[in-house]
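Structures incoming, each one as structure tokens.
Here chain A shows up in two complexes: once beside chain B, once beside chain C.
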Partner chain A sequence: MSIVVKDLTYIYSPGTPFERKALDGVTFTIEDGDFFGIVGRTGSGKSTLISHFNGLIKLMNGSLIVEGIDLSEKYDYKKLRSQVGMVFQYPEYQLFDETVEKDVGFGPKNLGLSAAEIAERAKNAIELVGLDYREIKDRSPFELSGGQMRRVALAGVLAMKPKTLILDEPTAGLDPKGKEEIMQLLLRIKRECPTIVMISHNMDEVSSYCNRIAVLGGGKLKGVFSPKELFDKEELVAEAGLSLPMPAYISKLLVERGLNVSASSEDELVQSILSIWGAKNA
Partner chain B sequence: MSFIEFDNVSYSYSAGTKNEVKAVKNVSFSIEKGELVALVGHNGSGKSTIAKLMNGLLLPQSGLVKVNGLDTADKKNLFDIRKSVGIVFQNPDNQMVATIIEDDVAFGPENLGLDPKEIRERVDFALKSVGMYEYREDAPFRLSGGQKQRIAIAGVLAICPEAMVLDESTSMLDPTGKKEIMEVVTRLNREKGMTVIMITHFMEEAALCDKIIVMNDGSVALSGGRQTLYDDRLVELGLKLPMSCSVAKRLNKSGMNVGEVYTPEQLAEAICRSL
Partner chain C sequence: MRDVSFGQYYPSKSVVHRMDARIKIIISLCYIVLLILVPTIDRFLDKGRLGDYIVSVGATFIVIILFLLMVTLISKVPPLKVLKSVKSVIFLVIFTAVILVLFYGGTSNHIYFHKGIINISLEGIINSIAMAIRLFLLVMGPSLLTLTTTPVELTDGIESLLKPLKLIKVPVHEIALIMSIALRLIPNLIEEADKIRSAQKARCADFDSGNIFKRAKAMLPILVPLLISSFRRADELAYAMDSRCYRGAKGRTRMKIMRLGIRDLFGMLFFAAMFFVALMFIYDFFGVSTALANLAYSLI
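Here is the complex of A and B:
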């Protein structure tokens, strides 16, 4: 078991007029090898939840075990952070070093590794995110395109060789092509870093990539579902501020108008409409 | 005279150095008062540079940008230009100035020297428009990214500009949040006649606009009404059509004529009509 969350509660600014409960008795488990989605409206507690996973937020109430480390006791946070990689929203804003290679090697350097090992890890991580190591290593990260910068930032986290990778809206702000590229990249990364946890607002993404999805609402866990289970719960989907994937939504509109259509992709949708049309005109 | 005019405008970052990036190349277009315009294109196609050129945050290196007939390159016009064209940026964290939300939204109207009663009304209107009124006495730093973005939009609304440019301002919001902002924006456009320029990757949002300008590699590749979404060149540029349009296109090609539709609802209606 990668992450075991039990009865997690977190209150911002307790005892002040600004007091707000961000998490309220959240309990669930993320298994090794999961591609785990976390969904919910803005302000539902998603970011607060994942900030617990590598100890950025101190446990207030409840218990949390991450990669075998019990965060409710005194623990080695360096060890925790080398096992759990965290990629924030717009991670490219965190690039800082002179060259891509130095930026990516910053984490391993802080682990106290040898120069050769740092270089080796930086090279592997840069290649893992699909960039040309020789071409890019000496360039300034600030000269790169947005999509490349995001990959470099991701490489910086991967250079720590985490066992679990946590991402907060990894595709936010990218164009559709960039989004698809990052998601494909995550599938490739998953071979080396087996557990991936991802916050997303993009229903199409969650449904095509995640095997399990936790829904948060008002700081409470509404449940953990498979994509199919989730889309059958229309009210929950709406409550989580999500929309049905487009093929499912158009199918629903057609069903309401008396047609028998159930499609999970554009191709399926077009085919089933055409077959209804064909049957009527036969 | 058009409301916003770009006449053969070019802009390069780091101009004259070896790192020069030609972001906008000989771009001409015009936007009329009251239009709802989508500016679409890949990352790096020059969209955000165009946004900054619209109210004089960047000045054209060649060519001319005019707002209400006023040249943005003339310093004495800038106050009036910025009062009439407000920009909401991508990252709300860079747009917060105050420690309390309603103070943040009041910052613009205060600088216009309005009387307190008017400021109060504008702040309340703006916060209600984006659904953040109940948070008015909270601190912005405690909000989530999406909530902050709504405050940034309220900050621009409170200035009551004639035009609002949204530079991917919905990209951090969840689908419901996106829909809310689109509703606010279309309402402001329809009811108050506000000119709105949406810079967006979401072609579903572009489908709700009256006019679409497609950027590619610093130039205008295509522009026109909503029917531009049915132009095959859009797909050649690697842009993803809204699914309602792409399904309609495929059905039309197969001989089932559903016409040109722009929303899932229109698609469903058209399919039922043609059966």
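Here is the complex of A and C:
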């Protein structure tokens, strides 16, 4: 089990007029190898939740075990943060060093690794995110394109060799092609970093890549579902501020018009429409 | 980094909040002048006794503190917020106080310890306590101004007060605009710095250990992205203003026109009364301080 969350509660500015419950008794488990989605409206507590996972927010109430490290006791920050990589929204805004290689090596350097190991990890991470190591390593991160910068930032986290990768809206602000590329990249990364947790507002993304999805609302966990289960709960989808993914939406419209279609992916939709079509013509 | 109370407005509808920003700025300036007028001990001991100094300065401080307390209560700002504003200068004050105690070089009749340039005396200790109180009051007063006045009102007030400088071609409006943009962006910068800090922390960056040079160097991964995003933001803001036809002060009207009211008059009178009483203790008008000191001596 990668991450075990139990009864997690977090209150901002307790004891002041600005007191606000960001998380309220959240309990769930993320298994090893999950591609785990977290959805919910703005202010539903998603970011607060994932900030707990690598100790950026101190545990206030409840218990949390991440990669075997119990966060309610004293623990080694560096060990936790090297096991759990965190990619924030618009990660390209965190780049700072003179060259791409140095920037990517920042994490390993902080871990106190040897120069050779740092270089090796930087090289692997840059190649893992699909960039040309030789060509890019000595360039300034600020002269790259937006998509490249995001990849470099991602490489900077991957260079820590995490076992779990947490991403906050990794595709925000990208064009459709860029979004697709990043998601494909995540699938490739998943071979080396088996557990991926992702916040997203894009239902198509969540439904086609995640195997389990947690829905948050007002700091409470509304449940953890498979994509198919979630799309049968239309109210919950609407409450989370999401729209149905396109295949599910089309099949819903078809069902309303009397066709017997059930699909959560494009392939399934095409298959079921084709079979109805075939039966009609036979 | 989130505890920057300076420049943080505390919303309320009190009389103090509704007062004209210009009046509040003038009062704050006079308040600062008043604190500067409080004498240090050297200036005093040439002609007076140590007890006279304690009584005169002590009484002045009590008057000023009472004034601050009353304004705070009227303004409905939690007193703790005002007190917290000294947090940012506390190290400066402690440092100054220690230096003043160790190296006091003025007249002193009660020496406790003397070796080389180190000279600890009763006068030095009293002097440094007075200085510490003075510095704390110096921060608390203006922070009360920013707690009860929105940044927009504040810059509008400054712009209005600086208007006469337009005659000698000082770009008053532009200066006020720069100030208001700077003030407006402080919370954004803090938020942004927090975000970048978290991101670098997630890459095991260490900001809290090592000596001062190491720590300064550790700030680089925050400062560089912060600087870059400030430039980006400035660019975007310039475009946004341009596209809404901003052309500077010429022909620009205001939605809120500042008008002096009866409450401003009362506020000024209230401050003037405090100001006069404090001056009375400082300069010994009508022999008040001397009389008080004599009374204190006779009691002891």
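Note that the second predicted complex is superposed on the first by the 250 of 282 C-alpha atoms of A that agree within 3 Å, B and C clash if a C-alpha of one lies under 4 Å from a C-alpha of the other, contacts with A are read in each partner's own complex, and residues count from 1 in each chain.
In this section, contacts are C-beta pairs under 8 Å (C-beta built on N, C-alpha and C of every residue); 3 or more make two chains touch, one makes a residue touch a chain.
Just so it is clear, the model here is predicted, and its values are computed rather than measured.
After overlaying the two complexes on the shared chain, residue contacts for A:60 are found with neither chain B nor chain C. Contacts of A:11 after superposition on the shared chain: neither chain B nor chain C is touched.
Judged by the touch definition given at the top, the superposed model places A:95 against chain C, while chain B stays out of reach. In the superposition on chain A, contact of A:253 is made with chain B only, not with chain C. In the superposed model, A:113 makes contact with neither chain B nor chain C. Residue contacts after overlaying the shared chain place A:85 against chain C, while chain B stays out of touching range. Between chain B and chain C, the partner in contact with more residues of chain A is B. Of the two partner chains, chain B is the only one touched by A:169; chain C is not.
By the document's definition of touching, neither partner reaches A:185: not chain B, not chain C.
Shared contact residues of chain A, touching chain B in one structure and chain C in the other: 93. Within the complex formed with chain A, the chain C residues making contact are 195-196, 198-206, 220-222, 224-225, 228-229. Every residue of chain A that touches chain C in the complex is listed here, in rising order: 51, 54, 56, 77-78, 81-82, 85-86, 88, 91, 93-97, 106-107, 110-111, 142, 156-157, 160. In the complex of the two chains, the chain B residues touching chain A come out as 19, 42-44, 90-91, 138-139, 142-147, 168, 171-177, 179, 201, 238-240, 243-244, 246-247, 250-251, 254, 256, 264-265, 267-269, 271-272, 274-275.
In the complex of the two chains, the chain A residues touching chain B come out as 12-13, 18, 20, 41-43, 47, 89-90, 93, 143, 145-147, 169, 172-178, 201, 203, 238, 241-243, 246-247, 249-250, 253-254, 256-259, 266, 269-270, 273-274, 276-277, 280.
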